[in-house]
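Each structure below is given as structure tokens.
Presented sequentially are two complexes of chain A, the first with chain B as partner and the second with chain C.
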Partner chain A sequence: MNARSAAATHSNTPVVSMRHVGKVFPGVIANDDITLDIRPGRVHCLLGENGAGKSTLISILAGMQQPDTGWIEIDGQKVNISSPRSAMDYGIGVVYQHSTLISTMTVLENLMLGVTGGAFLNRESARSRLTEISAMLGVEIDPDAEAADLALGQQQQVEIAKAMWKGSRVLILDEPTSMLAPQAIADLDASVERLTKDGIAVIFITHKLREAYSMGDEVSVLRRGRLVASIDAETLEGLSEEKFTNAVLAAMFGDDISAIGDRNDVELLSGAKVATKVRTKSSRSDEKLVLHLEDVTTPSTPTEFGVSNVSLKLRAGEVVGVAGIDGHGQSALAEVVAGQVRATSGSVFLDGDDVTKLGVRARQELGLRYVTDDRLHEGIVADLSVALNLLLKQIGKLPYWKRGQISKPDVDAEATRLVEAFEIRTPSIHARAGALSGGNIQKLLLARELSHQPTVVVFNKPTYGLDLKTVNRVRKIVKDFAEQGGAVLLISTDLDELVELSDRVAIISRGRLVGEVENNSPDTARQVGEFMVGSAHSEGNHV
Partner chain B sequence: MIDILTTTFIATFIAGVIASAIPLVLGSLGETLGEQSGVLNLGIEGMMLFGAYFGFVTTLETNSYFLGLLAGIAAGFVMSILMVMLNIWLGLNQIVIGLALTMIGGGITSVLYFSTYGQTTPRLGQPDVFPIPVLSDLPVVGSSIFQQPLAFWIALVLAFVVSVVLRNTNFGLRVRAAGQNPNSLDAAGGNVVRTRTYVALLGGAFAGFGGAYLALMSAGTFTPFMTSGIGYIAIVVTMLSRGRILWVIASSFVYGISVSVGTVLQLTSFDLPTDVIKMLPFVAVMITLIVFARSSYVPPALGVPYTRGAR
Partner chain C sequence: MSNPISDATGMIPLPSDGQSKLSKVMETLVRTILPVVLALLTSVVVLIVIGKDPWFFYSEVFRYGVMGNGWQQTIRLMAPLLLYSAGLIVVFRGKLWNLGYDAQYLLGSVVVAGFSPMLIEVMPLWAAFTVSLIMGTAAGAAWTLLPAALKARYGTNEIITTLMMSFIGIGISNMLVRGPFQNPDIHVPQTRVLPVADMFPQIPGTRIHIGIIISVVVVLIIHLLLTRTSFGLRLDVFGSSPKTALHVGINSPQMILILFILSGALIGLAASVDMLGYQGNLRANINPGYGAAVLPFVFLGRLNILTTIPFVAFYCILDTGGRLASLDSGLDTHFLMIVIALILVFMSVIEYFGVKKDLGQSYLPPGLRRAVTGLFDRGARA
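Presenting the complex of A and B:
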């Protein structure tokens, strides 16, 4: 699966070298004295958890940021990568973590965006260039498909084609596998292998250890902006997977490793092991039906799918995962359950009662909660205090509001209790909520939504972008809530997370639920992946 | 009561439609270019007034319609430089700046007009027509459509050019990308700020041309606030057309027709107050919006200043 054997045939001289690169953002040292060599024909894996500085390093190489200290050498020459254009001119192509394809344009138009010279669009030459690159990657890409119609794996192939468009010598892949189905990861792996055979250097950023081990020829580990470990090709070849895992985990987390969780948690979180769910009960069909969607449809927008004819049953104590490509109706599903969006047809039942016409607040009273994925904008009021944010949904209610007036002692007491219970790290309960870190904002949201007796909670990408310690904590909260009889609708783009937490995984594509997999075998991820790939291929109609 | 079915009458009606529609077509073309790239130009009303006033003064002083149109274009262009600096380079709020430019445009041109021509209220003559051979001899359409000033044909050619630029050139692709997802354009090596600057300046020139056309060709004079909302209607036309130039032209002509129908109603013996008649084009716009607003779609990055790496 890896390109280690091919590496020997290419020269060992680095194509790109980073020398003492440092970058400081207000309050954060993103990169600190990083020195790295990238060699042709090899896959260089960059490991580290969220916030370790991987993305900053990449954006420096891509010309999106300028280093504060240090420099970059290409072929031994010191260079100044002042813009994405100049990065391209130096032969550095980047596939970003978030798609940079324009969904309303065709594949060909997206690819031609980087073309310079000539006033008129030259579709024919772009087509033949695409054929060339497709052959190089070993994939087939339909040039006339609209970008929005492609499955995630296909979109990524287009992104790679785009990065290779001008004959790049270095290809940077920023967390390319985080949302891919296992089948698509295999395709990506094959493409990467072909590229390294052609002598192209690949920088592969990931936070999953098993991928770094299987795909990488060289591995570097970042922690808090510093390069804490480098494993060169010869050493890596001699390491067993277990030794590799031990070495990398020690470097990635240092002394914090015990703070994150037990050894098993750490291995799961760092993607060293594949998650499987330990099921406590074989069947939950005898439990009470708490949430029931019947043939629900919501409107679509040109940029985001609504849901169409979705039916779903959720029982007490059950976690139902929803897998799918971002933007395929997940938000609409969450919002139609929460009451933020009205169903144009179909019904939503809560504990057997039709709540289709009820608003957000009325549904909350009935025990339904929604933890949004847009934490900073939808989740909190950034300019209000932590205390007020924690009690945002109790406004006007006793005992926090008495005769229309806020009762400060009661609010502060409850806020202090929640801050302690959920270990929210804040200078004070009166601090601005917007000033908290992403992980603490998420804990604030969980504290707010999980207090006052919820029965059903919708989690939308609950661990996205968080550090592993918080990820572990959030997953525990979800598990505990279900253990205690709560019903969970878990929307996520992280397949590992879905497999770890869910009893069943439903697959959403183009706003429809296209399949459902019982999570009762190690094969779940693959089955879910099949639905994700298959459904995107078979349905051609647009929104 | 006049006979509304005479050929002369129909010819006058068509000419009236064209006279009201072309300034709107030009304004909407400029607005379309800007909006496709993510720049919302709410100052277009002010730019059109600038174009109208300076075009009028220049033609009055030099007796040249050509120089007048050029001056109008230049005036709109100069005003859009201000917009480019504040909105695109400094990333200030496009709505605030746009409204300010509209107020400045209306205020400055009124003050200048009252202090120079307020007493004399001069009028321009008829611009030279540019008859199309053979076609201009046709009955009805000959005298209305094919005996228009050269500026009319230039406007139509420009509409075609804008359409080709947006659909078939590298520049047009970059413009659309800047409006859809500026990050993508930046990552692909394009320059968001430069792309937006070009189209915003072009947009100002188009607005100035539209204003000058209104003063020189359609009205034959300048009166303060003579655009009476055409700039805003151009914004509506742009949002409904979603970058499709044929729609820009079609909806501008719907507006032109509603203006001309108003004129007809004034001439007939229906006893309608002029205020009601003057409302007609706006009522037409409102009805159109109510019917079509659901399908109006603006580029996702419209009105959002771009800063590299900002999240």
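Presenting the complex of A and C:
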């Protein structure tokens, strides 16, 4: 399953070398003196927490950012990768975490975008180039299928084809596996293996240790912007998975490892172990029905699906996960429940009462909360203080506002209480909320939404982009809330997270709920994956 | 945040909060005062180039704008301009751009100029003042209703609708001056002139009418509304992000309506105060253009009413003194608008640098920077 055997047949001279690369943003040293060699025919795994500096390093290679210090060599020549275009010219192709495909266009149209070689589009040559690349990857890609009709794994193959369109020597895959089901990961692995046999260097970014071990030929670990460990091919060959895990965990977290959680938590979070359900207490089917969607439809936008004819039941103490490719109606689902989007048809019931016509505020007062995924632009007002952000949804309400006037002692006392209870790290409750780190902003949102008697909470990608310590804490908060009888709708693009926390996992595709899996066996991830592939196939075959 | 790196979980560049208080104050001063200073210096250069004596011009501005009775004229002008600024600030804080201020002002003026002579004949003076003020205020507010409703209901771009409504409103006010409100005794298109006895009384011992008191009181109330109440906070949330407003549960359509109506009302009130206190009548095709004049200053005052007051005072000195100074120096009175325009230009430039500094980015646009550094790279290699 791994490409290690292939590595030996290619020359050992690095194709890309980063030398003493450094990049500083205000308040953050993103990269600090990083020196790395990328060799042809090998899979180089880049491991590290969110915020360790992986993305910055990649954006420097991709020409999106310029290093402040250090330089990059290609074939031993010092080069200046000044733009994404010049990165492409050097043969560096990137597959980003977020899909860059336009869902209403066909595969071929998507591939021809941005890679113009003249004033006119040449479909025939594009078609033959796609056939070439498909053969290299060992996959079949229908050039005339609409991008939206493809399953995530297929979309990723198209993204790889796009990155390699002009002849790639280095392929960068940025966290390609988080929503992939086990069988799609195997397909990706097979494609990567074929590419390395052809002498292409692959940089594989992940935060899952088990993937790094099974797919990587060489491994580098970043922590706080520094390269803290590199394991070369020979050493990696001789390491057992357990020893590898220990070595990498020590490098990734150093002394902080105990702060994250116990050993089991750390191994689950770092993807060293296959995810399993961590909740022991599950809700029973006779619990009170708290949230009920009946045949709900919302309008679609050009860039995102709305939901169509969605029906869903959520009982007290239950966690229902929603899996699916980003942009397939998850946000619409969350917003129609929260009242931020009106249903064009269908009804929303809360505790048995029809709330379809109620606005956001009225639903909040009935105990419905929404932890948004757009933390920075929707969740907080960056220029307001931490205290006011914590009470943003209480503006004008007693006891924090009296006759339209803010009651500073009450606001400050409540804010102080929440900051302590949720361990929000802030210089003071009067600091600008925008100056907090991503993890602390998420804790702020959780503190706000989980106070003042919530009964149903919608979490939209609650751990996306957070450091593992906060991820662990957020998952515990979700778990505890459900165990105290709260109902949770958990939308996530992290399959491991859904498996760990959900009682049931519903699968959303093109705005529809296409299936549901009871999370009571070790087979959940595979079953969810089947629904995701199956739904796309059944609807995608019309071409 | 003692160790920002250990706390860093996102690569989002944020304005550094580690600055000292002093450097923050300095930065604020630079960002607000520097544009004015640079504009004045540039205008000095312009004056020298066209062969005028800048020292003479600006000392005349000071002489007419502040010395003698000049300060009274200046304060008289501040009465409508403070209300005007408040009207713009209210709506700009919500990131809504009411650019229909000219029509809102002129309609307020024409209603007061047209009706107050009739009202004075049928009711006591204080009642006539009150009714006139209400009518002028209502006229300004009414002219924002359509753009506000379109914005609230359909999200129609208010910049376009308010501008278009402005053309219509200016036309209507001219029609009213030439039609029903035309002074029957003369042939020049203008309304009846209010006798001085029927205008606002003056503050004893000065030639400043009581409009300035109305203005200051109203403006302070609006300032408290914006900064001290739950409404003001909701407005700030709405202004910072409509997305957050929706998420928090703020009634955005209602907010849009309130802000537009308040803005139009304050501008209409500004017009009424000036009409009853100073102008006394309205001629056709006259537009004082106060809106364009105070616009840069509300931004320099960071959309805060209190910090805008000194800027308005500065403008009023420039305006009252500058008109006479221009005559004395043989300049066109439009020279003042050039100074205002220069302030806008320098404000934009300094804001650009300020934003770049906040984001920690290079001051040069990336393309230009690469071109410049590329030049040196090649030079080094050669």
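Just so it is clear, the second predicted complex is superposed on the first by the 530 of 543 C-alpha atoms of A that agree within 3 Å, B and C clash if a C-alpha of one lies under 4 Å from a C-alpha of the other, contacts with A are read in each partner's own complex, and residues count from 1 in each chain.
To be clear about the criterion, a residue touches a chain if its C-beta (ideal position, glycine included) is under 8 Å from a C-beta of that chain, and two chains touch if they have at least 3 such contacts.
Predicted, not measured: the structure shown is a model, and the values here were computed from it.
Peer 1: Quick one: name whichever of chain B and chain C touches more residues of chain A.
Peer 2: Per-residue touch count on chain A favours C.
Peer 1: Could you say whether A:A30 touches chain B, chain C, both of them, or neither, answering first, second, both or neither?
Peer 2: second
Peer 1: Once the shared chain is lined up, is A:R85 touching chain B (first), chain C (second), both, or neither of them?
Peer 2: The answer is first: A:R85 touches chain B but not chain C.
Peer 1: Of the two partner chains, chain B (first) and chain C (second), which one does A:K162 touch, if any: first, second, both, or neither?
Peer 2: first
Peer 1: With the two structures laid over each other on chain A, which partner does A:Y96 touch: chain B (first), chain C (second), both, or neither?
Peer 2: A:Y96 contacts chain B only, not chain C.
Peer 1: Could you say whether A:E109 touches chain B, chain C, both of them, or neither, answering first, second, both or neither?
Peer 2: first
Peer 1: Counting only touches as set out at the top, which of chain B and chain C does A:I60 meet: first, second, both, neither?
Peer 2: Once the two structures are laid over each other on A, A:I60 reaches no partner at all.
Peer 1: Please identify the positions on chain A that touch both chain B and chain C, taking each partner from its own complex.
Peer 2: none
Peer 1: Inside the complex, what are the residues of chain A that reach chain B?
Peer 2: 59, 62, 64-65, 83-85, 88, 94, 96, 100-105, 109-110, 112-116, 118-121, 162, 302-303
Peer 1: Any idea which chain B residues touch chain A in the complex?
Peer 2: Of all residues in chain B, those touching chain A are 168-174, 176-177, 180-181, 183-191, 297, 300, 308-309.
Peer 1: How about chain A: which of its residues touch chain C in the complex?
Peer 2: 25-30, 50-51, 55-56, 80, 82, 224-225, 338-340, 359-361, 364, 370, 372, 374, 376-384, 388, 392-393, 395-396, 401, 404-406, 425-427, 431-432, 434-435, 437-440, 465-467, 470
Peer 1: Which chain C residues qualify as touching chain A in the complex?
Peer 2: 1, 4-18, 228-231, 233-234, 236-237, 240-241, 243-244, 246-249, 251, 359-360, 370, 377
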